[in-house]
Every structure is written in structure tokens, then in C-alpha cells.
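Quick one: the structure is below, questions incoming.
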Amino acid sequence: MNNSRPSELPEFARLDLRRRERRGAPETIYCASKTAAQIVEIYRRFHAAGEDAFGTRATPEQAVALQTVFPEAQYDATSRVLLLRGRTEVKTPVGQVAVCCGGTSDLPVAEEAAQTAEFLGSRVTRFYDVGIACLDRVLGCIDEIRQANAIVAVAGMEGALPSVVAGLVAVPVVAVPTSVGYGASFQGVAPLLTMLNSCAEGIAVVNIDNGYGAGYLANQINQLAISN
Amino acid sequence: MNNSRPSELPEFARLDLRRRERRGAPETIYCASKTAAQIVEIYRRFHAAGEDAFGTRATPEQAVALQTVFPEAQYDATSRVLLLRGRTEVKTPVGQVAVCCGGTSDLPVAEEAAQTAEFLGSRVTRFYDVGIACLDRVLGCIDEIRQANAIVAVAGMEGALPSVVAGLVAVPVVAVPTSVGYGASFQGVAPLLTMLNSCAEGIAVVNIDNGYGAGYLANQINQLAISN
Amino acid sequence: MNNSRPSELPEFARLDLRRRERRGAPETIYCASKTAAQIVEIYRRFHAAGEDAFGTRATPEQAVALQTVFPEAQYDATSRVLLLRGRTEVKTPVGQVAVCCGGTSDLPVAEEAAQTAEFLGSRVTRFYDVGIACLDRVLGCIDEIRQANAIVAVAGMEGALPSVVAGLVAVPVVAVPTSVGYGASFQGVAPLLTMLNSCAEGIAVVNIDNGYGAGYLANQINQLAISN
Amino acid sequence: MNNSRPSELPEFARLDLRRRERRGAPETIYCASKTAAQIVEIYRRFHAAGEDAFGTRATPEQAVALQTVFPEAQYDATSRVLLLRGRTEVKTPVGQVAVCCGGTSDLPVAEEAAQTAEFLGSRVTRFYDVGIACLDRVLGCIDEIRQANAIVAVAGMEGALPSVVAGLVAVPVVAVPTSVGYGASFQGVAPLLTMLNSCAEGIAVVNIDNGYGAGYLANQINQLAISN
Amino acid sequence: MNNSRPSELPEFARLDLRRRERRGAPETIYCASKTAAQIVEIYRRFHAAGEDAFGTRATPEQAVALQTVFPEAQYDATSRVLLLRGRTEVKTPVGQVAVCCGGTSDLPVAEEAAQTAEFLGSRVTRFYDVGIACLDRVLGCIDEIRQANAIVAVAGMEGALPSVVAGLVAVPVVAVPTSVGYGASFQGVAPLLTMLNSCAEGIAVVNIDNGYGAGYLANQINQLAISN
Amino acid sequence: MNNSRPSELPEFARLDLRRRERRGAPETIYCASKTAAQIVEIYRRFHAAGEDAFGTRATPEQAVALQTVFPEAQYDATSRVLLLRGRTEVKTPVGQVAVCCGGTSDLPVAEEAAQTAEFLGSRVTRFYDVGIACLDRVLGCIDEIRQANAIVAVAGMEGALPSVVAGLVAVPVVAVPTSVGYGASFQGVAPLLTMLNSCAEGIAVVNIDNGYGAGYLANQINQLAISN
Amino acid sequence: MNNSRPSELPEFARLDLRRRERRGAPETIYCASKTAAQIVEIYRRFHAAGEDAFGTRATPEQAVALQTVFPEAQYDATSRVLLLRGRTEVKTPVGQVAVCCGGTSDLPVAEEAAQTAEFLGSRVTRFYDVGIACLDRVLGCIDEIRQANAIVAVAGMEGALPSVVAGLVAVPVVAVPTSVGYGASFQGVAPLLTMLNSCAEGIAVVNIDNGYGAGYLANQINQLAISN
Amino acid sequence: MNNSRPSELPEFARLDLRRRERRGAPETIYCASKTAAQIVEIYRRFHAAGEDAFGTRATPEQAVALQTVFPEAQYDATSRVLLLRGRTEVKTPVGQVAVCCGGTSDLPVAEEAAQTAEFLGSRVTRFYDVGIACLDRVLGCIDEIRQANAIVAVAGMEGALPSVVAGLVAVPVVAVPTSVGYGASFQGVAPLLTMLNSCAEGIAVVNIDNGYGAGYLANQINQLAISN
């Protein structure tokens, strides 16, 4: 039997420290299903390299473990983002990304998207609880939403918010289905299918509850729009 | 082996001639997966009993076979409704049922709903191609739609039309998902799930492509509304 | 990183206080996946506006939190309905809605339907544990059920109760599949499919376990039936 | 490359001529997805061994091919059963198996069940078009159905017939879902799930459209019941 | 709001005390998703009527609650059967039912089947851990298994045991898929599909983990076999 | 019965002629499941309004019908794009969109994407048959691909091409799963899931076979990138 | 619009002529969903490079088109393999691969596996129609099967053959589910799940109907076994 | 009721002590869903027979229970392997198996594979956290990986690692999907489908999270490769 426990070995994680150069953004850390010890070790390596360590899906236990070692680490309980700043300077947010969501229960995913885009350098405006059961809510702020270079629309249950928004604007809408709902929502499959089948063009779908991916994509588009 | 072919036996179909009395409407005929010979025989029995024979999902071949025997039979190629009037008198349509659909491709289902409600005695108004990719279409006729006692909303692809309509009216919306679409619409599963998960209340869902059931239900509600 | 926690911001929920006027009933509160603090704040806003606050899927913890602030709030552990009366006067129940269910395990959903219809102004009669494994149960009370303007039929496992009832009455049957069962019931998918495929007309299907939606729809139909 | 075409080789099919002894019934032939040449060859081998060759899911083309060689072969277009008697003597049917079905469209499957049970030696009574949308149909013949030692109940769409029947009798009910229906019937999945989740005990489920398996099982039970 | 809690009302459960006469066996109690108070009340009513109360899927907590009131109630932790004898006399087991299972993890379901058949009056022989990864196990006891009038075969994971057994015997095999397994077993869907698609005839499938239904069906067949 | 056939009525389709102004691109025509007569009429209306009529999923029959009336209409059999130029002037393509695909069988979808982006004003470069079974293919042209402002990656079967590409570039990758494959590809579900679950960031997923949506989205991003 | 049709362009397919060196076997051609013109062109390029062109899933039409240009091309209608020899010399088959299948209907997949392994240099022995409904068939040839270095086991319906075989041998079994069956076989999903969940170790699963992949894998193992 | 609890009976588990002879490896123990008492008893019987007892999916509680009786039992918390050596001598590892995984979260499955192959006598090299979001990681060690006779590639989320590896090597790749991920990964279904549909040949798929099966299969291939 294997005497050296794998989690004690140095090779359990290989950092991609050249990602910023290749992809324009540093590697991030998906905290779910990692042990607290693994989390601390991974953040430590980023920190030693002077790089920002930005993690998603962090549990309060992981945050406490990290803050024991790095008291300056920041944890947001709603978005579950766990951030340890490196020696990079914080960028001034540029351009504009709008993040909308259908209901209060979608906040964790919407905030994950918003904070990701902010971390990557975008200015973010938030439009929450604008679900389509009351169209006036979204119509009432559509002119503000139109100011953005990219829009993130987060919705659970039926997931029709991205379609309604996309039908009213000219820029891409990143659609994030959430697992909010019950019964035939099938943990987010229903809004996922809604978004994939939207009759409005310009919708970019990401995985269920993937606020991080949506924020990343919206920031990419926003950066392209201001880069010229 | 069985020498007498079942389809030659009298018992292959048992008419429910007391249904009008028990349920308020005559039995109807689901023509799909029946042979032309079976169709003709079933219509013949209804006719012999003086009852209207109203069939859905009839193929052109079934219609031709029936019209060979009963030239007065009416067939509508869009809705696939096949009707042979009995000795009952045609009722004056009463009340109001609104039938909306998202796109041109939803017409066969929408018309099945509309013609069913008309056959059962409802006055029907039609609002077609009012899909939500262009909200102005449905908002432009919402005041007319509000006149109805019951609304049928037919949509394929993402299927968000019933939610948008239900959020704007006070009466029940019968939602019909259609199999229009491709890929992740899964032959109508996507709009079915959208409708079941709607965040707007007052939505009654029926099976995929079930225009008949929607028209039946809308007529029931409409008749209740005017019956006092 | 975002210093202001979203749940501290005023915009995490936008009340739709004009819904009663537009839709004939006030907005209700889906308590699941909201924090206790969010619940208390939302009820407080409804109360401040003089509106009834009617919530579903409330946990005992949410109820206790609310009753700490508003001791007059009512919580029903079976239906999980959490109600805080505003300054509106309680309506005298009118018409009749029948709520049937297949087995004892379906009670939470059936009661959610019944209490919703009652809250919205309908008189409700209950017919529980009338599953079709013993047809005599439902046949024994069918004459009473026929008195209603709308029927809610709740069933898990095979979900055939709505079909049997609809085949015997002339008014709409709102069918609610429940997640009661195991194995191939797939958390309510089996009865959902049964109800969508019913060979009896006049069945309006709602989401799995959606007693609230069924009560809302049945009340709409009942109110239409007595409104003339 | 392989010069000898597999279908010309003797080993493409291995007859199980000792199955009658081991299992109480001869091997049968599943004709679907076999070529006409393979069908003729397989029947020829059974015949040469003096055994009855009983095939299911035979196409008219396969029947014609066989009848060209063996004009005495019998083909029933409804059940798609293709039979070539061997030198065994035809058994007098014994006991009783009841075969019920919900609608006219279920006839092919019901007849496959009935003719299989007859071929294996059971006396069969048929009760067709007794779907539960009109309960009087099945209640009207339940006393006759109760005479059987085993009951086959065939139904598509919602598939509730076996539950209703099983709730009224004391013997096993073999439930056969059919692919009749559309939309959310998912080619027979809906009635399959209904039957697996039945709240009535004593239901033995077989595969979608598997009339053959149902007839086989019902005959086994019937033979056991009369064997003492 | 409803002041009378439903669980305090007499009508939350309607006993089917005439089931023994109609169906040949008393009603049984599905304990899952019932409160301990409901369980005690239901057993009390059966007991008051002199009837045996036989419940499945009982939790240890439910058993303790019942035994507090009726110390003579028997609980088996493996099968989760909870039995309170009435004034009926215990029947001498007759005939023979064989219960086989693939692995140790299938024991709870196998025992539910065995104890159900025993309760209903069948003599039961058990053949456990005879999964097909080692064919010698099942071949080694096949002659004993062949003595039974009906066979219950319980298997999780790939679920091939019923096919192998049915291919070797002449009586019906009741196949019970279990939720034992992981990954692509999908909580029992994999063995369920295996059993529905078996190439061996004479297989009666019941729901995933439905040991009770299997024992009931096997007893029905066994009783028929000895009834002449 | 309805005497006026719906397809003869003017309201079967409502053009959204203000879409160019609201969304930056004209409405397009989804030709699938429309009759040839409907197609001709819709194109006629666009043409009368001076607008370009760009349709996707057109069949050869629809193309022939349109070209009978408008001989200048252009049809591409690979992409199934059917175009009738209006009085707008053809834009000079700007920026750069890269369209890659995994295999020859993905060409129809890739061309639909490419031609859509071209129609909307983007310059398009094509990289076909660069599937990952031979990494050298995609690595060999990655420097060229990096020139684009947006990348469309089309793949069936396992659908890993977008992940590999996204891991190597800094701009958004629009991922299009195709229904190419068999068995467990489930008509494109397998690559769809692959793309939704990609561990590489910056992937925007669209519906299975939705080349049109991908081209639209890529053009939106490309136009944003050059608009400053 | 694109004037140059893509299928006329040289880049629609990029041959991987270095695959033999990198992977030990030449690239093969998946003929499904390619046009006849594309097929001829691809084979032509292989031939020009002196390489064998081995294609699977070829239709008779594709074969005829190829044989018009290259009369020496070989087509096997059962396996649908289309082969055009290059200037490589045919290898003497070495080692041993056993190919088993459950029933006659599985022959096309089994032959695709067998001919692939033969093309790649393995000696193949065939054991067809050895399904487990009659265990004697497979037990009767198990000693011969045990001679192989790798075994391919092909089965549809319940798919238990690989489990039974793997339980009796010491070498890897490549399991191929086929789409043979109906109803709950779901086009091969049932046997696929059976094989993935096998309780016998040493089973390597490939895609539904993927005889090619199975033959490739079995040859790889066979070559390793004889390579020392 | 059954007085003798099944778990007290000797027959609850039947050891297959001749498996080493028949299959080349001893029987192993799947610890999940067994009680601690059953685990101890099973290990005790293996030990009494002098055989190694190798169990997978053991919980810490099961390990503690076993170590109370057999303090020499070894438990690895990452792989959940629980090993009690018998009187067999530990084999010197031979040949080479490479185990790769995509990310840190896949470690438990990768280690289960590695330790299984080691237990069965293979020398194992590990390549962890080489997911394809950064191709350099896997390309950087591909020459080392190529030294192996068999490769295990473990990946969750999109699961493309096996395809990338298989495209670069000449030996079989055993692909293990893991349940790591969220949303549309569906507990490992997404990578399972990716692996089944791989366009690279030579991929042997096992069940989700089935590290044990992968290690077993890789060892079989490795042993064959060195056995000549």
C-alpha cells in the first residue's frame, strides 16, 4: 500500500502561473471538493508567486482556515468568493457590465458573477429581483441596462429573463440558469433549456449556477469593447 | 391462431355515448394510430347515433377515406381536425377565449385549440406570432387579450409566452408547449418545463402539442364564467 | 471586493405592490432558499404597505423568526404556509373548490392548495386519502365533489387520481403531482407524466408539489364561475 | 477482409431446441432487425426439428418471404405474429387469461399478448377499449375479468388501466405500457412509470409494447393455477 | 387560515377494511413520509378492527413510537417491516416462494420481499449473495430454486440475476431492481432497465427497491399454484 | 368549423421591422416547419419593406419555391442559408471572426455560423477539420486563430474542441455542439454537456446545431471590439 | 454570401497521415454523414499517399460511388466496412481476439469489431448468438473463448453477456452495447448501463454500436500481449 | 415474522475463494452500504482463508471497526481503500501503469485506481492535476506517460483528458469519469458521455468514480503486456 499520502505530496496541484500571459487573466481556484488543507496550500503558493488568489464556491470553514494563516483574506458569504490579494495592484474598473437576476434566491449566483467581473477589472451595475412575473420591473430599468457592453442575466425556475432582456438590447447577454426552484426545475435544467432555446439572438449560455463563468465572459466582452 | 382479425370484430371500439350528459361534451376521436377503416367505422357509429364526430390529428388519407363515405365531412389541413356533424344543432358561440401563439410554426397546435373551443361553443379570438423576442407584439394586443375569460398560450422553443401573458392578466392561462424547435428543445420538453416552472401564477399546463386539451379546458372555464 | 453585502442593500427585493390591481391577487412570497433575515424584511415591507403577506414553503425556523417580530403571524406546519395579515379585511369565502388527494403522504401539498384557495377567497371542501387502489373511496364522494366549480386533485406515485376524477365530472380538474413515492417515481416525474398524458379531458397540470399554484388556479376558476 | 459473409455461415443463429424441456415452452423468434433470408432459414431449422416456430414483430415482407417457402405459415397483420406449425399437436386451451386494453390504438400489443397466451395453451378472453376515461366500461365487465387466473392490462398514454383493474381483483395483473401517445408520453415511458409506481399491489410490469412477454407470463401463471 | 390541523381530523386516512374480501389480502401501510403520530393512529384503527397491521419502510423512530403503545408490535431493522398482529390467526405457510439476491447490500429489499410473502401465507426459502460475477453460486442452488412456484430475484448494479435465473426455470420470476450501486446505476435505473429488457421470458418487473410488491406478487402466484 | 384557413389570413406572421434599430440587426427567418407558401410570403414582405431577408434551415424545396418568384435569391446547400437581398447596401466585412470545426460532418453548422457572421458584417476566417484526436491540427493554426476578436468552435461527438481552443486564447469562444455522432452522443447532448462543463473559462454555449446563433453572437462581440 | 461552396475547397478534410507513427494505426474514416463526393475525395487522398483507407458506417450508395472510381474497393454489407487497400502489405494476423455476440441482430456490430481487429492485424475467432437466455451456449464455448488475449462481447437488450463472460475469464472484455431492442432499451442505453455497472471486473465499455472502437481496443491489447 | 435476523445467518455473504484461480485475482470487497459488523465478518473470513482482503469505498467508521479487531489493517483516507493482508506474499510490482487526473478534486478516484493496480502487482506512476485547461501540463509529461503499458485517465467536469491523452499514445487508455463538478455535469454523466463519444480510439470507459475498475483493467492489460 501507498505509504506517502497523496495530499502530502507536492504534485497534487500544478499551478498555471503563465495563464495571465496566455489568457489575459490569472488562474482561479474552484474550492468545492477540496480539503481545507489543500485550499491553504494552494493559496499559499499563489501568494508566494505574488499572484492574486481568487477562489469560488468556498465554504465558511475553508475561509476560516485560510484567514487563520492569512488574516487579510476576504470572504463574501453570499457569493462564496474567497480572495487573497497578491502583489499586483488593484485595477481601476473600466467599461460596464450589467448583472440582472430574477429573484432574491438568485443572489449568490448573481454576486459570484458580479464580483468575478469586478475582480477582473470591469465596472459592474446590479439590477436584482427583476423577474418577468412583473414586466414593469425589468422594463423600468432597461435604459440603464442598455448602457453596458455586456449583460449577465441570472434566473432560476423558468429562466425567461435573458430572453426578455436580449430582445430589448444590442449587446451580448450571458445567461446563467440557477438551481433555484423545485419539482420540474430539475435543479436548474429547466432554465438551462429555456436559455439554450431562446428565440432571442445574442444569448451566451453557461453552466447552471456558474456565476463565475458568466462574470469571466462578460468581462472578456467588456474589455474587448473598450480596448480599441 | 386467431382466425377472426380483431379489426373486424364489433368490440374493437366502445363508444361513450353518455359522455355529453356526464361531462358536458361529447366524446372526441383521437385519429392518430388508427387505420382509415377504423376511422370510417367510428365516425359511422357516431353519425348513426346522431352525435357530432369531432376528431383530431387526422391525416389527409383518413380525411379522404371519410369524405368518400360522408362527403359533408370537413377537414382542416392546418389543425388536422376532421368533423362530421350529427343531428345536433350548431351552438352560437358564447363568451370569449383568446388563443395566442409565439410563431408561425405553432399554428397547427394553436388552430387545434381554437377550433376545439369553437366546436364546444366558445367564441375565439386569435393572436398569432406574438413571441417574446419582440415584446411589443404581445404588449400591443394585451388589452384585447384581457377581454377573454380564458387564454390559451401556445409556444415552442423556450416557451416563455404563457409566463409573460399570465403576468399581465387576471384569468387562467392554458399553456401549450409545442415540439417546434431543435436540439435542446427535445421535441417540446424545454417549453414544457418552462411552463411548469413559471414564476407567474394562474398557468394550467397541458401535454406537448395538445391543442385539443387546451381548447377543451379553455372552453370549460369560459362556459363556467358565463353560466351564472 | 464588494464591501457592501448585498443582503444589506435595499434593492435585494422589489415588491410588486400593484399586483392586486393588475392580477386580482396580491404578490405572494416563496420562502424557500431565502434567509430568515430576508423573510422578516420582506414581510415587514408588505405589512408596512398594509398588504397581507402570504408565504409558502416556510420552514419552522423562518416562522419563529417572523413571530418574534410579529407575534400575530400564523404558521401551519402541515402546509408550511406563513401568513401575516395586513389591513385588508378577510373576505367571506365564496363558491366552492374541492381538494382531493390520494394518500396521507400527500397532505402537505393538498393543504397548501386548500389554504391558498381559502386565502384568496374560495370556500374549500376536502376529500383526502381517496386514492384509486380502492375506487370505492372516490366513487363514494363523487357527488359531493361534483358540487365544486373547480377541483384540485393531488397524487403521488402513479398519479392517476386526476384522470379518474376528471372522467366523472364536468368542471376543470387542477392536477398536482407530488414527490411522494420512491424508485421510478423519480421525485414526482412519474405522476407528472401521468397527468400530462391523461386520456380524460379538462385536466390542468401544475408543477410537482405545487399546491400553491393549484390553489391559485382553482380559485381563479371558482371566482370566474361566481362572478356573473 | 472477411470473404465469407457471416449470414451465409451456419453459426449466425444457434437454436435452443432443449428450451421446451428446460423452460416449459419452445424458443420463439424475435423477427425485428433480422433479414428475410435469416427469418426463412431460422423457421426452416425449427421446422426440420419438428418444432413450432412462433415469431413476433414480423413485417409483411418477412411473412411473404416465409410463405413463399412454407405456404402454410400464418401471419396476423394486427399482432404481427408469424407462425409455422411443426409436428407438435395443437393443445386444447385451458384455464383463463383475460386481456384488456385501454384504446383501439393498443390493439396490436393486446393481440400479441393474446395470441402468445393462446399459442402457449391458455384460453383467452378479450376486453378491448375499456380505458378509464369512462370508468363504466371497465366496471361493466369486471365480473367477467375476475374469472381469469391472470390478467393482461395494456395501456398507453397515462397507463392507469392496470392500477384500476388490480384494485378490483385478486389475481396478478400483467401490465404492458404501449408507445401509443405523443409529447410527454415519451414513446411509452409515461405509462411504464405509471405501472411501476402503481399504488395497487399485484402488478407485474413488462417492457413497453411487450405483448409477447405479457402473454408468456400470463400463460405461466394460468398454467400454474390449473396444474394441481 | 385553517384552524383545525388536518392531522387531527378523522379523515386524514380512510381504511380499506373490505380489501381482504375484494383482493384476498388486507390493506398494508406504507410508513415512509408519515409522521409517528399518524402511524400510531393508523395501526390503532387496524387493531381496533381486529385486522393485522403490516407496514413497510418503517423507521426505528416509528417503531419505537408504536411499541410504546403496543409493546407486542414486531420490528425488523433489516427489512424495516413493522407488524402488529390483529385477531386473525397466523396462517400455516403453504407452497414455496424462493427469494434470491445478488449481494449483501440487497438484503433489506430481499427481506422485505421474503417477509411480505411469509406474512401473506407463503413458505419462503432464501438464496442470498448469488450474484452472477460468480456463476457457480447461482448454478449451485438452481435445483433448489426450481422447487418454488414463484421466484423473487433481487439485484442492484447491473441487475442481470433475474435473466440468468429465468433462463433456467419454468415458473415466473419477479424481478426487483435495487438502488444499490453508484454512478451510472442512477439509483436503480440501470438494473430496472436490464430487467425490463431481459431476453429471457417470464420476468415480472416491479419498482426499484419494491420488495413488498415482489413478495405480494410472488405470494399471489404461489397461492394460485396450490389453490386447485 | 373555421372556414377561413389561417394560412390565408394576413396575421399568421407579424414582421418586426424595427428590430434593426432596437437590436442592431434585422429579424431573420427560421425556415424549418414553415410551408413553402409561408416562406415566399414572408420573404415577399421583407422585400417589399426594402429589408434583407436572411433565412436559415431552408430546404431545397423552399429555395426553389422562392427562386421561382425571386430568381435573385441565393441558396447555399451546405449551410441551408436562403438569402434575398433588400435595398440595403452590402457592408464591408470588418474585424475578424474565426470559425473552427472538429470534423467534416460539422460543416453545415460551421458554415451556418460563418455565413451568418458574414451577413451581419464580420470578416470570417475558417479552420475546418481540426478535431482534437490529432492535436497538431489545432495547434498548427492557433496563432492565426488568435487574431480573431471572437471564435466560433463547432464540434460533435465528445465536443472538446472549444475547451482546447479556449485554453489557448484570450477572447471569447462561442461553442456550438452538433448532433453529429451516434449512440451515447444523444443527438448532440454529449457535446452540449461537455461545453457547459468546460474547465476553460470564456466559453459561451449555444443550442445544439445552432450555427446561426453562434455566428450572431460572434459578430456582436466582433462589432463591439472594433466599435471604439 | 460565400460563393465558393466549402465542399469544393481543399481544406474540408485534413488527413492525419502521421497517425500510424504516433498511434500505431492509420487514421480511419467515419463515413456516416459525409456526402458520397466527400467520401470519394477522402479515399482518393489516402490512396495517393499509399495508405490503406478503412472506413466504417458506409452506406451502399457510398460504396457504389467509391467502386466506380476504385473498382478494387471492398464493401461488406453486414459490417458496413468499406476498404481500399493502399501500398502497405497485408499483415499476417497474430495473437487472438474473440468476438462474441448475444443474438443474430447484433451481427453488424460484431462484424464491425471483428473486421476492424482483423484489419489492424489480429487473428479473430467468432462466437455468435450466445445470449444468456440459454446459458449453455456461452458455457459451451467458454474454453475456446479463454484462448484469446482480448474478448469483445456485443449485446443489445439487457446487455448481460459481457458480465457473464468476464466472470469466467482472466483477460479484458471489451463490452459493446447495441441499439438492438425496443421500448425501455432506449436505443442501447439499457445495455450501456448494464455494462457500466457490471459487478464483474475487467470490463472496458465503448459507445453504443461502436464495433469499430471495440475492435481497435481489443487489437491494441492483443498486440501488447504478443509484443514481448 | 422471521425470528432469525438475516445478518446473523452464515449465508448473508458467500465468498468466492476460487476467484484467484479462475480470474487471476482474488475477490474484492465493495464496502459501501454494508454494516460495520458485516465488514468485520467478511474480512475475518478472507483472513481465515489466508487470502488478502482488499476493500474499496470504506468509511472511516468501517476502518476503525476493522482495526479494532485487526490492528494491522491499513486504511487510506484519500482512496478509501481498506486492506488486510493475508498470508500471500506481496508481489514485486512489474511493468508500468500511468495514472493521470485532471484536477485536485479527482484525487480520491485516481488514488483508488492507482492503489488497486499496485495491489494487483503493477508498478504505477502518477500524473496529477494535468487538466486540459492548460495543455502544457499534459504535453509536458506525455513522454513519460508513453512509457506505460496502460494508462488510466481520470477526469470530471467536461472529461476531455482521456481523449487528449489517447490521441497522443499507442496503448489503451482506461477512462474514468468522476462526479466532480456541478450543474450540467449531472454527477458525472457529462464526462461519462464525453469519454464514450471520444473521437480518439483506444479508450476503455468504466463507470463514474470507478477507480477500482480502472485500476483492475489497467493491471490486466499491463500483466498481459509483460507476460510473454
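Every chain is named by a letter (A, B, C, D, E, F, G and H) in the order it is written, and numbering of its residues begins at 1.
Convention: a residue touches a chain if its C-beta (ideal position, glycine included) is under 8 Å from a C-beta of that chain, and two chains touch if they have at least 3 such contacts.
Note that the coordinates shown come from a computational prediction; the quantities given were computed from them, not determined experimentally.
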*Any idea whether C-E or E-G has more C-beta pairs in contact?*
E-G
*Measuring between mean CA coordinates, which chain is farthest from subunit E?*
F
*Quick one: report the Å distance separating subunit B from subunit H, using the average Cα coordinate of each chain.*
56
*Roughly how many whole angstrom separate the Cα centroids of subunit D and subunit G?*
34
*asked:* Averaging over Cα atoms per chain, report the distance between subunit D and subunit F in Å.
replied: 49
_Junction residues of subunit F - those touching two or more other chains_ = 103, 133-134, 167-168, 183-185, 189, 192, 196-197, 201, 207-208
*Which pairs of chains touch one another in this structure?*
A-B, A-C, A-F, A-H, B-C, B-D, B-F, C-D, C-E, D-E, D-G, E-G, E-H, F-G, F-H, G-H
_Which residues of subunit A touch subunit F once you look at their complex with the stated criterion?_
22-25, 28, 149, 167-172, 174, 192, 196-197, 201-208, 212-213, 216-217, 220-221, 224-228
*Using the touch definition up top, name the residues of subunit A that touch subunit C in the complex.*
74, 76-79, 81, 83, 103-105, 107, 111, 114-115, 118-119, 126, 128-130, 133-134, 136-137, 180, 182-185
*Give every residue of subunit H touching subunit E within the complex, in rising order.*
1-2, 5-7, 11-14, 16, 18-19, 27, 30, 32-34, 38, 42, 57, 177, 179, 187-189, 192, 207-210
_Residues of subunit F defined as touching subunit H within the complex_ = 102-103, 131-135, 157-160, 163-164, 166-168, 181, 183-186, 189-191, 193-201
